[in-house]
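Below: a set of structures, written as structure tokens.
Each of the next two complexes has subunit A plus one other chain: subunit B in the first, subunit C in the second.
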Partner chain A sequence: MTEKQPSKQNETTQAYYTLLEQIQALDFVLVELTLYLGTHPEDSQAIQQFNTTSLQSNQLKQQYQQLYGPLYQFGASPSGTPWNWKDAPWPWQV
Partner chain B sequence: MWVYEKKLQYPVRVSKCDPMMAKYLIEQYGGADGELAAALRYLNQRYTLPEKVIGLVNDIGTEELSHLEMIATMVYKLTKDATAEQMKEAGLGAHYASHDKALYFNDASGNPFSATYFTAKGDPIADLYEDIAAEEKARATYQWLINMTDDTDLIDSLTFLREREIIHSQRFREAVEIIKDDQSTKKVF
Partner chain C sequence: MSTYRKYYRPFIGPFDPCSPIQWKSYETPPQLYLGFQPYNLPQNSPKEALRTGTLWPALFAPYPDPYKVSTSEEGEEQN
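Entry: the complex of A and B
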């Protein structure tokens, strides 16, 4: 079984991994704060950190999606033409 | 509903083809204390839990689905280049005969996944204590898995997952206290 290689316009360069990991790091903060706020809903400092991080994450995701295609589907991300949601790489391939 | 994110929660890299480690890791895919059991347990409990903790249980259940994807990625990467002979040597001959390299929801001994791995008691304290125990059992399993490999890339991802079990356990413990406080408050009225 051979690993599907990402398409040419989608080359998995070092820049790709760096940007992806920056998004993963910010989104980890958001997952962690989401769970924390589930049991500490009055912590306004944590909410402030959540809102700031959410903005930062969205900015990086816009940048990522312009370069490498949509991160979300069902309308949460815009599509290129032709439809590029179906393009490799999928997360388990990188 | 859910919206898929085309990325892993945390990077998964492996430094070698290692079908035997994949055989052990499948415990966390389709085993009793694995990520599928965790996701299904929490996402099923949330309908009847007190409103104060629904959000937490919903979100932990959702995070478990991302852990399931990480485990699947590990198994996929550890086996994708293995020959039939290597699969046999790793104790995956029976798996290969039935599934080739496809993932299957079973535990490390080959027992297929079962809904009997978790319950839904309808009693919030009983359900949340089960959740805490499940997280602690999964944490222990991740430690045993880490002990069985020298692949530093794999250990990095497994360590992340082990830490998440600790956090989930902590949040569930806080949820128990929230429910207890709520129950004792109601008695006053």
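Entry: the complex of A and C
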């Protein structure tokens, strides 16, 4: 993030990265819980945590997608018009 | 209770053309000692879990780079 960019853009990129990090953190928790629940199927508390976390993660992703475009393809994300799937930044550019 | 890195002295053959490796080491993270994970272990916050790489601090292991801590001189456990 070069300094030349106007500060407004810094706020939006800052908001972009914080939102993305929250989604990433929640998804990691979901991965851990999925592995844990594989060996602890009756742990109802973990299942309840899994469901609430996945709900939060979906809400954050919806929020992200309204602001910055689709995260997933093949119908897992709504598309903007025109078809903005190909727009930058791609995951490795973020 | 669990030490992380353990060391041992490999066998050094008398006719080995290359210079022998004196010490070898391996990681022993907590899950080796845990067996079946108990229920309701204390958890990290999502951000902390993402940073440390595990949801449960009881299972955390730093995995230090053994080559930063040179294994040639000293042999006892290094955290």
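Note that the second predicted complex is superposed on the first by the 82 of 94 C-alpha atoms of A that agree within 3 Å, B and C clash if a C-alpha of one lies under 4 Å from a C-alpha of the other, contacts with A are read in each partner's own complex, and residues count from 1 in each chain.
Just so we're on the same page, a contact is a pair of C-beta atoms (placed from the backbone, for glycine too) under 8 Å apart; a residue touches a chain by one contact, two chains touch by 3 or more.
Keep in mind that what you see is a predicted model, and the values were worked out from it rather than measured.
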| item | value |
| --- | --- |
| Touched partner set for A:E21, first subunit B, second subunit C, both or neither | both |
| Contacts of A:W92 with subunit B and subunit C, given as first, second, both or neither | first |
| Which of subunit B and subunit C A:Q73 touches, first, second, both or neither | first |
| Partner chain in contact with A:V29 - subunit B first, subunit C second, else both or neither | second |
| First, second, both or neither for A:I47, with subunit B first and subunit C second | neither |
| Broader residue contact with subunit A after superposition on the shared chain, subunit B or subunit C | B |
| Touched partner set for A:L60, first subunit B, second subunit C, both or neither | neither |
| Residues of subunit A contacting subunit B in one complex and subunit C in the other | 21, 24, 28, 32, 36, 39-40 |
| Touch list for subunit A against partner subunit C, complex | 21-22, 24-26, 28-29, 32-33, 36, 39-40, 43, 45, 53 |
| Parts of subunit A lying in touch with subunit B, wherever the complex brings them together | 1-3, 20-21, 23-24, 27-28, 31-32, 34-36, 38-40, 69-74, 76, 85, 90-92 |
| Subunit C residues touching subunit A - in the complex, by the definition given at the top | 36-37, 39-40, 46-47, 49-50, 54-56 |
| Complex contacts: residues of subunit B adjacent to subunit A | 1, 3-12, 53, 55-56, 59-60, 63, 69, 72-73, 76-77, 80-81, 101, 167-168, 171, 174-175, 178 |
